[in-house]
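The same chain A turns up in both complexes below, where it pairs with chain B and then with chain C.
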Partner chain A sequence: MLFNSINFFIFLPIVFLLYWFVTNKKLVFQNGLLLVSSFFFYACWDWRFLFLLMFSILLDYITGIKMGDAKSKPEKKFWFWLSIIVNVGFLGVFKYYNFFAESLAESLSAIGLQTNFWTLKVILPVGISFYTFHGLSYVIDIYYDRIKPEKNFIDYAVFVSFFPLLVAGPIERATHLLPQIKKERKFDYNQAVVGLRQILWGLFKKVVIADSCAHFANMFFDDPTQYSGSALVLGALFFTFQIYGDFSGYSDIALGTAKLFGIDLLRNFAFPYFSRDIAEFWRRWHISLSSWFKDYLYIPLGGSKGGLWMKVRNTFIIFLVSGFWHGANWTFIVWGLLNAIYIMPSIIFNTNRNNIEIVAKGKLFPTFSELFSIVITFGLTVIAWIFFRAKSVSDALLYLKGIFSTSLFKVPVFIGRTDAIVTIILVLFFLVMEWRWREQQFALETIGINWKRPLRWAFYSGLICLILMYMHTEETPFIYFQF
Partner chain B sequence: MKNRIIFFLGSLMKFIAFTAFVYVVFIIGFGLFMPKVLSKNLSYKRGSNGHLFSRVNEINEYKNVDVLFLGSSHAYRGFDPRIFQKHGLKTFNLGSSAQTPIQTELLLNRYLDKLKPKLVVYEVYPGTFALDGVESALDIISNDENDSETIKMALELNNIKVYNTMIYGFFRDIFHLNKNYKEKIVKKYDTYVKGGFVERNSLYFKGFKSLKNKSDWEFKVEQFDAFKRNLDKLKAMNISYVLVQAPITSQLYKSHTNNEYFDNKMKTYGKYYNFNGKLNLVDSLHFYDEHHLNQKGVELFDDFLLKELPVLNKK
Partner chain C sequence: MKKFLIKLFIFLSPFILVSIFFEIYLRTVNTHYKEKINGLYKNKDKVEVLILGNSHANYGINPAYISMESYNMAMVNQPLLHDYLILEKVINSLPNLKKAIISIDYHTLYFSDDGIRNNWVYYDYGIDTNIEYATKLSRFWLGYTPKVAFSMLKYDIKRSIYNLKNEKPTLNFKAENGVSFTDTIHNGWLGYTGTNPKKFNDNVVKSRADVFNQNITRKDERVKNLKVFKSMLELLKKKNIKTYVITMPCHPKFRAMIDENVRQKDIFEIEKIIKDYNAVYIDFFDNINQQKLYYDCDHLNKQGAVIFSNLLNISIQ
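Here is the complex of A and B:
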């Protein structure tokens, strides 16, 4: 069930009404309803993988309790490693087995050894990377005594499988979400209204910006040899806005939906394309994953405590792992590597925390130097996205070669230029909105709250009309579902 | 707390009603004042390619026809009423661009009682069973009077472009904004011929620029469901029918690998004739593009059809 489908807009009100009108008497009923709804939501993709999700939940629930009850350190360690190995093992089999088998076969054949590895026709269970990371963070936190194990199975299962975040995050932490699940929830009118606004903005990002850009990005990336350098630049820009609109749109819908149930999820995006350096970009892009890697990989590896060399090494490790987390393809690893290289100067010169606040806070326009930094950071990001989007590293290099050619300065020629211009106008509108309200949690958070009702409603209705006029007519899955 | 939720739901309902009103005004405004290139999900083209406007306006002149042709552009560019008239058959061609069974259903519900044909020649091109039907729906909404059948079709297609265009179509119909519209009989290479046919002369298919990749038709279940309903309607009214696959260029025909599956499926629905490969048609001589016969091809095809189909030979 996609967030941008009719099915979801039937499912959501039903769950909402049951949640606040039928199961509101007792928390256990509300959580029970959330669990059943989340399992139903997940089963709509492929009911067979529901068992995998249930197994993952059960495994971490039991190992969590066992760790809490452990009488000795080795016993605790045993349960900890059991959970880690099984979780990572499942992820490895479903997501990476074929990649390793094929890569090894290719390497061996390059040195003249012919091998016939057994490759599996594995379908990637949707959301496996996300719910596995939920479980891992929970188990690691218990192991390091940061939290107590959750005894209530339903509460724990809701923490892992709460439907707004189940298939593409944000990757939640037990310390943040579990207390909200355990606490009685009261309907908050303002929170619900903000939730609806966030859903609306998320939909605009997804079905108008991302899906419209996707059409052109696909066209250019499918056969880059057909287009001039200038057209390929456009293609890369279209993908840059596609992936942002798609993923941050998803996150907005997830956060907005959770608000309707009185739950606040972690923020996942904070206007990343207005970043002044790559370190800032990574504090603003897919925040829940970046912070996960920081807390559960970078810091345990020693973080920045062991001097410059360790900082450099650990930074490379988390970016490579982060790339690999996105998928079993060398393109993602190169993408991670590129970002590690981009961030290196600020790691070496210790300038990675120079830009913490949003750019030009309290001002309408940035200074020239801020604008220059934004443009450079954005440009580097666009180049990295080419590797992320291309089917293979050689395709990405071919794409880059196409850009850096004499045709870079030609007027781009391609089918559908008029539609492309309309898409560019929409992207510009979107950027203006995001820039103007960049100090909020999301662009639409406070627009119109002080306006008179007819004007406020007209604004939001107008936005809905824009969506209905410019949305992509086919339901398109979110990019991050494949991760 | 309950009061707060009820207040929230009440406000939401009011907002939805308000938005519905704004939406209708927005669509009408866009249709009237915005350039077409900016109206991505509103596609109202009166007098579009295929002369559907002229065709449906002519229907009132016809009733109790001998043969009614249904189907896609292969139908309205393939069955020439003049040729059938020479054999004493009064025909009407109700084909329309990319007409899928869902649109055929709408047209049958609207016009079958009026036309009361003795025989229906239903042109079945596999491609129309693989389409969503949006293109054809937009054509019909823009060129025919809208009624409850339009709403039924829109709900079945469930596509925002169809909904938007339908709203604008109803607005134009209600305020008679099309009453002075006259469609040109001759448009560039096309000439509209009374009885629903569109003639194209003196053009020849030059072949594909590159070799076409072979692929399977990916049929849509909902199109077959609508198709079955159409045939059931004909049966219920005791109207006999034949299913005909009109010839297309051999290059295009061979580019699909599941033609046999389609043929076998069609045979289960009734008398079915696939004319691909049956006539000695040459892609570069008898077609003007990969899909459509030129007039020379049409004459050969219709003569062959009259010989091959015993039901047409009765007169």
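Here is the complex of A and C:
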């Protein structure tokens, strides 16, 4: 079930009404409802993979309790490694086995050895990377005594499978989400209203911005040899806004939906395209994943404590792993590597924490140097997205070669230029909105709260109309569902 | 909570009303599909030749120039499966049907549309290709989408305003761009008016050909469509109806950009299959060359349809 599908808009009000009117007397009933609806939500994709999710939940629940009850360090270690190996093993089999088998076969054939490895003909279970990381953070936190194991199975299962975050995050932490699940929840009018606004903004980003940009991005990336350099630049820009609208739109819908149930999820995006350097970009893009890697990989590897060399090494490791986390393809690894290279100057010169606050805080416009930094950072990001989007590294290089050709200065020619101009206008409107309200959690958080109600409602209705006009008959899945 | 739900209901009530309006409107509005099927049933006792196929046949075969009473049930983006299901549905209602013309073009064997037209075929022809239950229920949100629904309403408003000021009849359903607003449909046929020179620009023709060249890479579709094709021939043979399998003409610019080897391989396969049935294959692909007879690189216009229909008429005697 997709957030941008009619099924979700039937499912959500039913669960909402049951949650606040039928099961509101007891917390255990509310959590039970959340669990059942989350399993139903997941089973709508493929009910067979529900068993894999249940197994993963059960495994981490049991190993968590066993670690808590362990009488010796080796016993605790045993349960810890059991969970890690099984979790990572599942992820490895479903997501990476074919990649490794095929890459090995290709490498061996390059030296003249013909092999035919057995490959899996199985689809990737939706959200496996996300719920596996949920479980991993939970067992790691227990192992290092940061949290106590959760004894209530329903509460733990809701923590992992809460439907708004189940398939594409944000990647939650037990320390943040579990206490909210265990606490009695009262309906909060303001929180629910903000939640609806966030859902509306998320839908606008996904349906109007991302899906419109996707049409052109697909056209240019499918056959880059057919287009001029200038058209390919447009294609890369369209993809840049597609992926942002798609993923941050998903996150907004997830966060807004959770708010309707009285739960605050971790913020996942903080206007990343206004970043002044790559380090800032990574503090603002997919925040829950970046912080996960920082806490569970970068710091355990030694972080920045071992001097410059260790900092550089660990930075490369987390970016490569982050790239690989996105998918079993060399394109993602190159994308991670590129980002690691981009961030290196700020690591080496220790300037990676120069830009913590949002750019031009309290001002309407940035300074010239801020604007220059934003444009450079944005440009580097666009280049990296080409690798992320391309089917193979050679396709990405071909795309780049197409851009850096003499046709870069030609007027772009392609089918649907009028539609492309409309899309560009929509993207500009979107950018203006994001810039103007960049100090909020999301652009629509406070827009119009001081306006008269008819005007405010007319504005929201305008956004809804745009969403309706851009809706497709066929469902358009979110990009991050594949990861 | 009460306050939240009341306010939400008030806010959403215009959208609910609009949805209800469109759900009713889309169940009553006339469409090209409705016009075709109603016209066929109206002429069911007379029809001797039934024309099936995609947009090439839809625009290119004018039944008025076929000497037997003919009816054009081809439609834009109509896959072979829809042709077969239409035939299966109407064949017993056509007592005088003697001949069937099935257009199989360069991409036909590789094309099966799973998109929005499956919904329209369900709504207007009553042919169910396993569309989702929710789509069957909500024409506004799922079947047509708000975008298409609004454009249909816009057309109806424009038509009503025009009708108030003019006496000239107008089409009472929304047709594609290129079809004149004041045209009339005859035995299922509606033609393109004039030539659109922009559509003959090299890049545009190339993009159009690319779509087809991309289609022909779907080998699985070919297997499925050949099966459907055989079922059609089987059904027509059972009813003792002579079948003419044809390939519609396309402009030389377009012809130069497609893979002729694939086309010949498919013709070979078609000719092999039809041997077992009461059928004939005629290839008209390169029969018409003048640009003024085409609306775009692969669709004949009204003038072209007259010439081609006369040609077809001679060939099926």
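Heads up, the rule we're going with is that the second predicted complex is superposed on the first by the 478 of 483 C-alpha atoms of A that agree within 3 Å, B and C clash if a C-alpha of one lies under 4 Å from a C-alpha of the other, contacts with A are read in each partner's own complex, and residues count from 1 in each chain.
Operating definition for what follows: a contact is a pair of C-beta atoms (placed from the backbone, for glycine too) under 8 Å apart; a residue touches a chain by one contact, two chains touch by 3 or more.
In this text, all values refer to a predicted model and were calculated from it rather than measured experimentally.
When both complexes are superposed on chain A, chain B and chain C occupy overlapping space and clash.
When the two structures are aligned on the shared chain, A:422 is found in touch with chain B, with no touch to chain C. Contacts of A:413 after superposition on the shared chain: chain C is touched, whereas chain B is not. In the overlay built on the shared chain, the residue A:40 is in contact with neither chain B nor chain C. In the superposed pair of complexes, A:7 makes contact with chain C only, with no contact to chain B. When the two complexes are overlaid on their common chain A, residue A:458 makes contact with chain B while staying clear of chain C.
Where the contact sets of chain A with chain B and with chain C meet, they give residues 6, 20, 187, 189, 192-193, 196, 457, 460-461, 464, 468-471, 473.
Partner chain C is touched in their complex by these residues of chain A: 6-7, 10, 20, 187, 189, 192-193, 196, 223, 226, 413-415, 457, 460-461, 464, 468-474.
Taken in their complex, chain C has these residues touching chain A: 1, 3-4, 8, 11, 14-15, 114-116, 119, 134-135, 138, 141-147, 150, 203-204, 206-207, 210. Contacts from chain A toward chain B in the complex involve residues 6, 20-21, 24, 186-187, 189, 192-193, 196, 418-419, 422, 457-458, 460-462, 464-465, 468-471, 473. Chain B meets chain A in the complex at residues 1-2, 4-5, 7-8, 12, 15, 18-19, 22-23, 26-27, 30, 37-42, 134, 158-161, 164.
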